[in-house]
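Labels A, B, C and D are assigned to the chains in the order they are written; within every chain, residues are numbered from 1.
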Amino acid sequence: MGMYEQLKQSVYESNMELTDRGLVIFTWGNVSGYDPDQGVIAIKPSGVEYEHMKPGDMVILDLEGNVIEGDLKPSSDTPTHLELYRNFKNIRGIVHTHSEWATSWAQAGRAIPPFGTTHADYFYGEVPITRELTKEEVETSYELNTGKVIVETFNDLDPDAVPSVLVKGHAPFSWGTSPDNAVHNAVVLEYVAKMAFRNVVLENEKPLEQYLLDKHYFRKHGKDAYYGQG
Amino acid sequence: MGMYEQLKQSVYESNMELTDRGLVIFTWGNVSGYDPDQGVIAIKPSGVEYEHMKPGDMVILDLEGNVIEGDLKPSSDTPTHLELYRNFKNIRGIVHTHSEWATSWAQAGRAIPPFGTTHADYFYGEVPITRELTKEEVETSYELNTGKVIVETFNDLDPDAVPSVLVKGHAPFSWGTSPDNAVHNAVVLEYVAKMAFRNVVLENEKPLEQYLLDKHYFRKHGKDAYYGQG
Amino acid sequence: MGMYEQLKQSVYESNMELTDRGLVIFTWGNVSGYDPDQGVIAIKPSGVEYEHMKPGDMVILDLEGNVIEGDLKPSSDTPTHLELYRNFKNIRGIVHTHSEWATSWAQAGRAIPPFGTTHADYFYGEVPITRELTKEEVETSYELNTGKVIVETFNDLDPDAVPSVLVKGHAPFSWGTSPDNAVHNAVVLEYVAKMAFRNVVLENEKPLEQYLLDKHYFRKHGKDAYYGQG
Amino acid sequence: MGMYEQLKQSVYESNMELTDRGLVIFTWGNVSGYDPDQGVIAIKPSGVEYEHMKPGDMVILDLEGNVIEGDLKPSSDTPTHLELYRNFKNIRGIVHTHSEWATSWAQAGRAIPPFGTTHADYFYGEVPITRELTKEEVETSYELNTGKVIVETFNDLDPDAVPSVLVKGHAPFSWGTSPDNAVHNAVVLEYVAKMAFRNVVLENEKPLEQYLLDKHYFRKHGKDAYYGQG
């Protein structure tokens, strides 16, 4: 068994879960995972149909983007993933989808405010929207610049407390403590985006009170969390 | 066989039905049941995935919240359930979900008016929204206070005739004459919330005439009911 | 084999198709069929769960509402069905549901205009909405009066050319040349109601030109129809 | 084996995929394929239920509409398909559906602007809407004139770069380099139409910057494409 099999298997399974959860059709999504001990990431190959994909098709790269192992081209979004791993030190998995509800907000250029406790259970504040990339950023190293503009968006935000972002005009990225946790956060983001849309229609866009946001977030996260079996 | 097996089995099955009906993803929901003869409730354990849950995992507590039987921590929402059982004397099952349509109304801070006979078949009047909890109520005994604010909302309402509530900024609770009946009401609430949303969009938010509301509610409930096999 | 077995089987199958097509949950719907040679209708029994229903549970009645055969109470909506069969001479099947999109229009008190050719393929003009029933009509013989108000709505309309109606504040009824055809029309109504809702949101509520409505309707219906295998 | 078996099989499979993908109910859709070497198209027969259809039921016609092989009547939309094949020289498959989201835009008489990169990955600019057909065009040779008005809509557009159109008041047509690719484009159109609807509701209808549209389209199409395994 190769030295990266466990990482590949985990990333493969998380990619497959994206389709099972209805977050992607065709090849429209990718998951990567990062193993800091080995100093490598595994990522979905570019443009391969989920139904034909095998764990061994995952591509292994170092954080500079050099392919370490794999016969296929990595996802074209790989430079975005790498930029996030280089800057968000605690994350171990990243998901990119064009999931329909989160992408609708991204297309509309709007951050998703914390309208309810479902949101607050996972995201400590709004899910931000990036600024628009400039013509220059798009025409040269587009995928790397997508990563940079995400990092810029988190200059004053904690990516561990807000594990998703909407790239303006494009679609969401989510991340987490593992590939599986990143998929979990992507599923939640989609659910929250769907309900927030209805807040707009129901004409009440008042965010949660800060004390309720605090309560729900810290009920599930941090040293005083008391949700779950502990 | 233990003395609480029947209650646990019933509560387990109702918890599983929540996922089958599409009202919960992950661990986002819980059902409890109350047996007044034994003086105990059974409730879903906290943060356990539905796919791994067994009937024996249900936790047994008395109405004061003392654990009578069970190895796992009960749902973190247990104090809310207990407060409702202590105050709504006829109810035997309670459901809490973040089901997407009812939660959208809860997030928008709006009661669901009785726009049609589907609503009137189950809810004798609007499904009310609680007031916002205060900072103090949230920071101390949050889940108990959630129960108290629900009870307060029903000061002038009959919980048997309106078996659901929306907790402002949070999500719905439903109840009924059994865990199974509570799930049934939660499914109806979701359906009614979805259709009421469209009333808003179609710009007709006029509630049913009282005489039609009466007709449909009492066609199915009370001594003159004539729906079903009698 | 009893003399009504064929009718019962056909009505049973059409009732089951309602759930398969997603038009009903729980017991919220009913189909009947009319055999003019035998002078009877078969209809779903009241409040029986679809999963436990058998063909032999269908109730046989004459057009005056006398039960001819059957151990169970007929649907509480039976008087509505009978009134329609007595007045719409060519129909052989009737469907009542609370299907979510058509019911949303019914709750909003709005007829569904013919916004597109999908509508025109089945309904020669808008799907009308009834007037509100009066207090007296609701309190006495409610279900019969529901039938009467539908018939009144078609005073100047041809029920064969517009095989559905929305009962204001309540839900749709559809009919057709057989129980199966009535279900087909109910499915189409739901589809058309869903798309028409989006016309409202997209702020273009201009009905089809009459000549295009004519073209599509008569492409599929009447002596010059040329759709299908002929 | 007959000389057209491969074409029939391919067109049959693509017709079946339409239902699997949820783009059609009943008989509401058709796919054709064109083989320029044999100079014929294969198309779905008119009004045949998908569940009963066999590959051998596909009808073979030449580009003038003469039936070359087949016992059934071809789709009533055949003249539209033929007009498109005669004018859009590179296309090898055509799909017509009444898929709910794209049809909603067609009914609303609105082109779908390129609001996001999902759109730009497949459509180089807005998905256009045709003008309304005149009374004369509808009453004589309606299906042929539908084709002509689509061709007219592309007078200044490249059908290879924008492989879909909305026929005003009616529904979409999509095409591609094969029947399968045409279905793929129809699925994407539906997804894009759904998300664009939400842009309207979220009140941001600003199209993508041209440089971002260019980037995404040419990342996947043309000589500099770098998406996929190449």
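Definition applied: contacts are C-beta pairs under 8 Å (C-beta built on N, C-alpha and C of every residue); 3 or more make two chains touch, one makes a residue touch a chain.
A quick note: this is a predicted structure, and the numbers were derived from the prediction, not measured.
Of all chains in the assembly, none touches chain C and also chain D. Our note on geometry: chain A versus chain C, Cα centroid distance of 47 Å, whole angstroms. The distance from the centre of chain A to the centre of chain D, each centre being the mean of the chain's C-alpha atoms, comes to 33 Å. In chain B, the positions touching at least two other chains are 201. Interchain contacts close the chains into one ring where each touches exactly two others, per the touch definition above. Every pair of chains that touch is listed here: A-B, A-D, B-C, C-D. Contact residues of chain C toward chain D in the complex are 115-118, 184, 187, 191, 194-196, 198-199, 201-204, 206, 208-209, 211-212, 215, 219, 226-230.
Against chain A, the residues of chain B that register as touching in their complex are 25-28, 45-48, 72-73, 76, 98, 100-101, 103-110, 132-133, 135, 138-139, 142, 169-171, 197, 200-201.
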